[in-house]
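By written order: A, B, C and D. Residues from 1 in each chain.
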C-alpha cells in the first residue's frame, strides 16, 4: 500500500503532482502576504494627490502629528468647511459619501492604512521634531489617491532609521535602541 | 540592514552596577493598606482582573500588592506595617539574565527593568527568579466584557495570554513627561509627574522621582537613616527604599 | 475575475495571511481591518491622540472628593484626585479609582424600562417621552403627601431640587439614606455634638495635628465620614516633620484596618466603650489634678477593668498617655456607637477631649464647616427614621415611591421590612444606573446617567477645613440611553403642571444648577470669582467646584461638656448566643462597590480576601469549636441566619465574630450577584437613643455546617499563618 | 532454524570448579555462539513476528492516550492558556518541567550504556546498546514536547533559536534556558546519529532478509552498506569518534539542565553541586528505565531470552547499585551544605520538604531511590532476577520523578516572600504527562517492529572476539582485538 504510493509518486506524473501542490501552497501563502500589503478599500476614494496639488499641507488635516502621538484623521466638519464652498461637491459621485455623511450626521468609517501593532507606542511628535518629513515614512502623497504604505512598518525598518540617525552619538543610540522607547 | 556589531550598546553589560535613574520611597509607617495604589495601578496599566477562583490560586495580576503579617498572640497581637511590594526596578536584576528571548531587559536609557510583552514567549523563568515575586503572568486570555475595554489606557499595551507583565514605574508617564519637557526645551522637573500609585495614595506614603538627582524629593527622603532596601543582600540593587517607621 | 470575487477573495486571504503572520510573529491582533471613526466635529479643545482632563466629583461615596478625569477621544481613561479640591488634595481612595468600572460596567441599565411584574427579570424598553409621562402621571395623579423620594446619602443638587419640589408642593421631604451612614452612626455623632456643644453638626477631628489619638471604634482610615481626608490626617499624625511622631490607640473588639495601624490595640469587651472612656477620663483627671469633673464621677476604674477585660494597669497607662500629652484627641465612631448606649459612648468619648482642652484647637475637635450654599447641617436619615418611613409605606400612606442613589433592599437590614412594605406602595420608580435589588422590585427603571456623565454639585459634609461645594460635569457623553434624573423631574413637573410646574420653572438641569450656584457669585473669599454667570459656571466646572479660601471650622462651645452626667451603663445586647456580632463595612467595596470587578479583585486590607464574604473568628475559639479556615458556619441571630466561610482572624476577641458588609447581592450585575452574604440580614430592629441602628448590639450563635468553601486570599496562608508548613521545629 | 531454548538456559551441568566453562558462559559473556545465519534469523523473526491481538490492543490504547491526553489536551492548553495547568505564583514552573528533566534523565542512560560502556569495552553491553540508544532518542522527544508544553506562547518557540533577523534580536546567551535548548538539540541530533551508525549493518542484514516495502525501507536506511572491509573501517572510525564525542555532550546536557535551577537565586536551588547531582540522578533514573525496557523486551519478544540474559541484569544491577550510592552521596552532600549554610529561607525549605504537606513524597523519594535499590540489588541472586530488577527500575523511576517534583514545584513554594507561598495543585499536566509516557512506550512498540532491537553484528563480534580456551585444567576467556 505504502510502497505503491511511493512508487506512484516516483513517476514523472507523480513528481509533477507534488510540484504543483507545493507551488499552489506557496502561491496562496505569498498572495495572502501580498494582499495584506495592499491599500485597503476606503469609504471614499480620497484623492491625496489632488489635495496636495492644491498646496494643502499635511499638517492642515493631520495636525496631531506635530503635537502628539497620533496624527489623526480630520473630522468631517473640517472637510466640509472647504467642500461646501466648492461647487463640485454637489455633483461629484466621489464626494457623495461625504455629503451624505455630513447631512445625516454619521461618521465616516475610514480604514487605517499606516498602522503599527498595539504593542508599539509610536509618537509622531518626536519624529517631526527630529526633522523627519511625513513623506519619509508615508511616501509621496502627491502620487497616490488613497494612502498607501511605501513600506511595511516593521521593527527592522524602524530600528534601521533609529540607528542611522543616532550616528556616533552614543547617548542618542542608547535612547533610540532601547526596547522601552517603543514597547511598554 | 544593521548588524549586531553596528550596535555597540547591544552588548548588555549584565552584572555591572547600574547607577539607577528612577526610584521610589515608600513610608510603611503611614501606609494604611487602603489599596488605592493597587486600584490606581490597575486602572492606569490596563491590568486585568481574574475572578474568584484564579485570584484565590495565586494568579491575581496585581502589579503592586500590600503585604501584612502578624506579630504576637491575642491580645497583644499586632499587624505589621503594611508593605507595598512592587517591582523594585533592580539595578542588577535577577530576572534579566535568565530570559532566553531578551523579553525582560534592562533599559539603558531609563535604568528600568523592561518587560517587552511582544517578545515574551512565556517561559516564566524571570518570575521564578524574581526574589520579590512581583511578576504576574497572563495565565489565560482574561476577558473584559464590553464596554469595559473603553477604559483602556491607549498608552499601555493590552497584554494577552501567555506573556509576563510587571510594574513598569509607569514608563508611559515617564515618556510623556520627557516628551513634553523636550518639546518645551527643558528638563523634566522633580514632581512634575508621578506614578499612578503615588498619585493616588491618600496618605502620600509613596514618593517617586530621580534617584540620581541629589536634590530630588525622593533622594532627600532616601537619605533618612532608617530606610531599607529589600533583599539588598542578594546584590540586586533595588531602587525602592522602604521606611519601616514606628 | 470579477471585481466582487476579487474583493471577497482579497479579504479572506488577507485575513488568513494576517492571522498567520500574527501567530507566527507574535504580533498581536492584526488590527488592519478595523474601522476608525474620526470626530464629526472635533471639539476645539481636543487634539487627536491627546488627553483632555475634566474636573468633576466622585460619586462613589457621599464624601464628595474632587476628581480629575483623563479622557482620550471621548472615552474616560483614568480618574485622579483633584489637587485643587481642599477635601482630597489630589488623592483618591480605591473606590474613586474604580469608578470607571461603574461607568463602563457591562451590566448598566441601558434604557428606560417597564417591568412586567416586580422582581421579574422581564422588562420592556420604553422611550423617554413615555417614561417622563409615567413620572408626570405619578406626580399628578397622587396626593403630594402620598409621594415620597428616597435618595442616596450625598447632599447633592438632586436633593436640593427634590427638597424644593417637596416644600413647594407638600410632597414628603426627601429622605437620604445609605448603609455607610448607618454603619458610621452619623446620627449619634451629631446628636452627641448637639447634647454637648449645643449644635447638631458633624464634628471634625484634626487627627493630623494631634499627638495622641484615642479612637473608640472609629474606622476613619476605611469608610468613615471622609476617608481620604482622614487618611491625610493620619499621615500628618505619623510624620515627624515639625513635631514628634504621634501615637495612636484604637479601642475595638475586632481589629479593623484602622486598628491595624494603631500603636496599641485595646480589645475591649463590646458594650463597655463608654465605661472605658469614662474610666480613662477619671484616671486622666486624677493625673491632671483638680476637681473631678462630674462626667467621670459615676465610673469605677477597677470595676471597669473587670467588665471591659482591660487590665487596670493598661487603663492607667493609657490615662497617663492621654493626660501627659499636649495634643490628645479622642474619636468616637463605628461599632462603638452602633449599640444601645451609643449616644453615651459618643458623649463620653467627646467629653474626654474636654480634659485635653482641645476644642477648636489644632489637633483637636472642631465642628465641620457648612458647605458654601448650605444654611444648616443636613443629616442623612437614621435607621429609626427609615423604619418610620417603612411603617408609613406599610400603612399604605405612600402611593408613589421614587428611589435614586440608594438600594434600600440591600442596604437596609431585612428586619426593617422594606421588602414587605414596598408591596403596599402602588408604584415604585427607580432611577438606578445599575440593575440593583430595589430596581428589580421597582415597576419602572428610568436610569440616571453615571456620575461621570452628569452635571451637578455635591456639598462636602466634613473632612475639609474650608467649606467646599464640589462641582460635577459630564466627562464623557452618556454611553447609553440614560437621562439625568433632574431633567426627567423638571420635564415631568412641567407636564404635571400646577404647583409642580411652578416649583421647577427650569429649562433643564444646567439652568437649575446655574440658579443654585449663581448665589455664590457675590460671596467674598471664594476660590473663584467672575463678573458674569457664564464665566463663573465655566470656572466652577473647570476647577471642579467652589470653596472658600479660609478655614471656617467652628470651635465647639465646650462649656459644660464635663459637667453633665454621662451614663456609665454597659450596652444591652439583643438575641441569644455566645458571640458578640460586629458587622463592618468592607473598606474596598463599601455599600455599592460589589459590581465593579476590580474592587472585587482588591484584597481586603485586613484579611486579603477577594470576591467573597467571610466571618472573622478568633483561632482559639474556632479551635475549641472544631472549626477551621474555610469551614462554612451558620450564624443565627434573632433576625435571621446566614451561612458564611470562616477566616481565622488573630486580632478579634474570642467572644466576638465579625462579617464585612458589601457582598450578598441578589441583583446588581454579574460581578455582584450571588456572591457572599449580607450581614444586614442578621440585624434586628434595635436602635440607640439617637435613632441609629444598634448594629453592633447583637448576640449570635454559630453552628457548623460541615461544608467547606475556600476563600480566595491574596496572602499565603502558609507564609502568613504558618498553616500547612508542617509542625514546628 | 528454531533456536533451542535448552541450549542457553539449561546448559548441561558439568561444572568442575568456579571457573568452569558453563559458569563463565552463564555469568559473563554469551560464549555459546550460534551460527551467524541462525542468529540473524532469530533477530529477524523477533521483528517480523506477526503481532498478536494483545499487541494491537496495547498499541490501540496507547494511541488513544497519545491522541487524547497528549495532543488533544495540548491543543486545549494552547488555546486556553497555561491557566489550565496548576501553575501560579509562586509555582511558575510545574510538572511540565518536572517531566522535561525526568525525560532528559531517562535519555541519559542510553548514551551512558552505549557510549561509555563502549569506550570502556564493557563486554556485557553488546546485546542491549540498541534498546538503550532508542531510549535516548525517544526520551528526548518527550523532553522536547514537555518543554514546549511549558511555554506560554509555544508558537513563538523559534525565537529561542539564533537566526539572523532585521530586528537585531538574538537569544540571550546569558540565559540557561537558551543553552538548554541548544544542548538538547545538539544532544538529540548527535544521539540520533549515534543510534543510526551501529544500526547500519543491522538494517543491511534486514534488507537482505526481507521483501516488499520493508526491503525498500531498509534499503533506504542501510545507505547501500555491503559489509566490505573499507565500510567496516569507516563505520568503526565514525562510531569511535561519536562514542567519545557524545560523552561530553551527554554530561553537558544535564549539567546545563541543572543550571536552570542552580543559576537561579532561589533558596534551595542556588547550589554549586547541582551539576553532578543532576547527572548522577539522570543516570539513576536512566539505568532504571533501561532495565525495565530490557525486562519487557526479554519477556515479550521472541528469542530475546538468548540475547538478554540474567547475567546482563546482574551486570546492570551492579551499576544501578553503584549509581544509587553515588546519588545518595550527592543528595546527602547537597543537603548538608544547604543545612550548614543556615540561610533562613533554605532552612525553611528543608523543613518544608520533610514536614510539609508533601513530606510523604520526600520520604518516598529516599525509600525508592536508596532504601529499596540497596536492599535488593545487594543480593546477587535477586540482582539476576529480571522481573525483580525491572521492578526496582520502576521504583527508582518513581523515586527520581519525585525528586524532580520536590526540586521544582515543591521547592518554589518557599521563596523569600512568605506572603506569596502557595502549594501547587497540578491540573492538565497530569494527563499530558501520562500522554508522554504513552508516546514513549508506543514509539518503542513501533520501533520493535521496524528495526532490529538487538545489534546482532555487535553480539556476533563479541562472540567472535571471545573464546573459551583451555590452559591445562583452567578454562579462560581469550580476547582477540578486533578494533
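Basically, a residue touches a chain if its C-beta (ideal position, glycine included) is under 8 Å from a C-beta of that chain, and two chains touch if they have at least 3 such contacts.
Computed from a predicted structure; not experimentally measured.
Enquirer: Using only alpha carbons, which chain's centroid is the nearest to the whole structure's centroid?
Expert: Taking the mean of all protein C-alpha atoms as reference, the closest chain is B.
Enquirer: With contacts counted as C-beta pairs, which pair of chains has the highest total?
Expert: The chain pair sharing the largest number of C-beta contacts is B-C.
Enquirer: Averaging over Cα atoms per chain, report the distance between chain B and chain C in Å.
Expert: Chain centroid spacing, chain B to chain C, equals 31 Å.
Enquirer: So, what's the distance in Å between the C-alpha centres of chain C and chain A?
Expert: 51
Enquirer: Centre to centre, by mean C-alpha position, how many angstrom separate chain A and chain B?
Expert: Measuring from centre to centre gives 35 Å for this pair.
Enquirer: Measure off the straight-line distance from the CA centroid of chain C to the CA centroid of chain D, and report it in whole Å.
Expert: Averaging C-alpha atoms per chain gives centres 66 Å apart.
Enquirer: If I count partner chains per residue in chain B, which residues reach a count of at least 2?
Expert: In chain B, 1-2, 7, 10, 57, 65, 67, 69, 102, 118-119, 121 touch at least two other chains.
Enquirer: Residues touching two or more other chains, restricted to chain C: which are they?
Expert: 26-28, 49, 714-715, 720
Enquirer: Scan chain D for residues touching two or more other chains and write them down.
Expert: Counting only residues that touch two or more other chains, chain D contributes 153, 156, 159, 166, 168, 417-420, 422.
Enquirer: Indicate which of the five shapes (line, ring, star, complete, other) describes how the chains touch one another.
Expert: Topology of touching chains reads as complete, every chain touching all others.
Enquirer: Quick check: in the complex, which residue numbers of chain D touch chain C?
Expert: It comes out as residues 153, 155-156, 159, 348, 351-352, 354-357, 359, 413, 417-423.
Enquirer: List the residues on chain B that touch chain D in their complex, please.
Expert: Per the touch definition, chain B meets chain D at residues 1-4, 7, 10, 14, 54, 57-59, 65, 67, 69, 85, 94, 97-102, 119-125, 127-129, 131-133, 135-141, 161-164, 231, 234.
Enquirer: For the complex, which residues does chain C have touching chain D?
Expert: 23-24, 26, 714-716, 718-720, 724-727, 729
Enquirer: Using the touch definition up top, name the residues of chain D that touch chain A in the complex.
Expert: So the residues of chain D in touch with chain A come to 165-168, 212-213, 216.
Enquirer: Write out the stretch or stretches of chain C touching chain B in their complex.
Expert: 26-28, 49, 72, 75-81, 88, 90-98, 100-101, 103-106, 221-222, 227-228, 231-232, 234-235, 238-239, 245, 255, 257-261, 263, 265, 267, 479, 587-588, 597-603, 605-606, 608, 610-612, 618, 620, 650-654, 675, 710-715, 720-721
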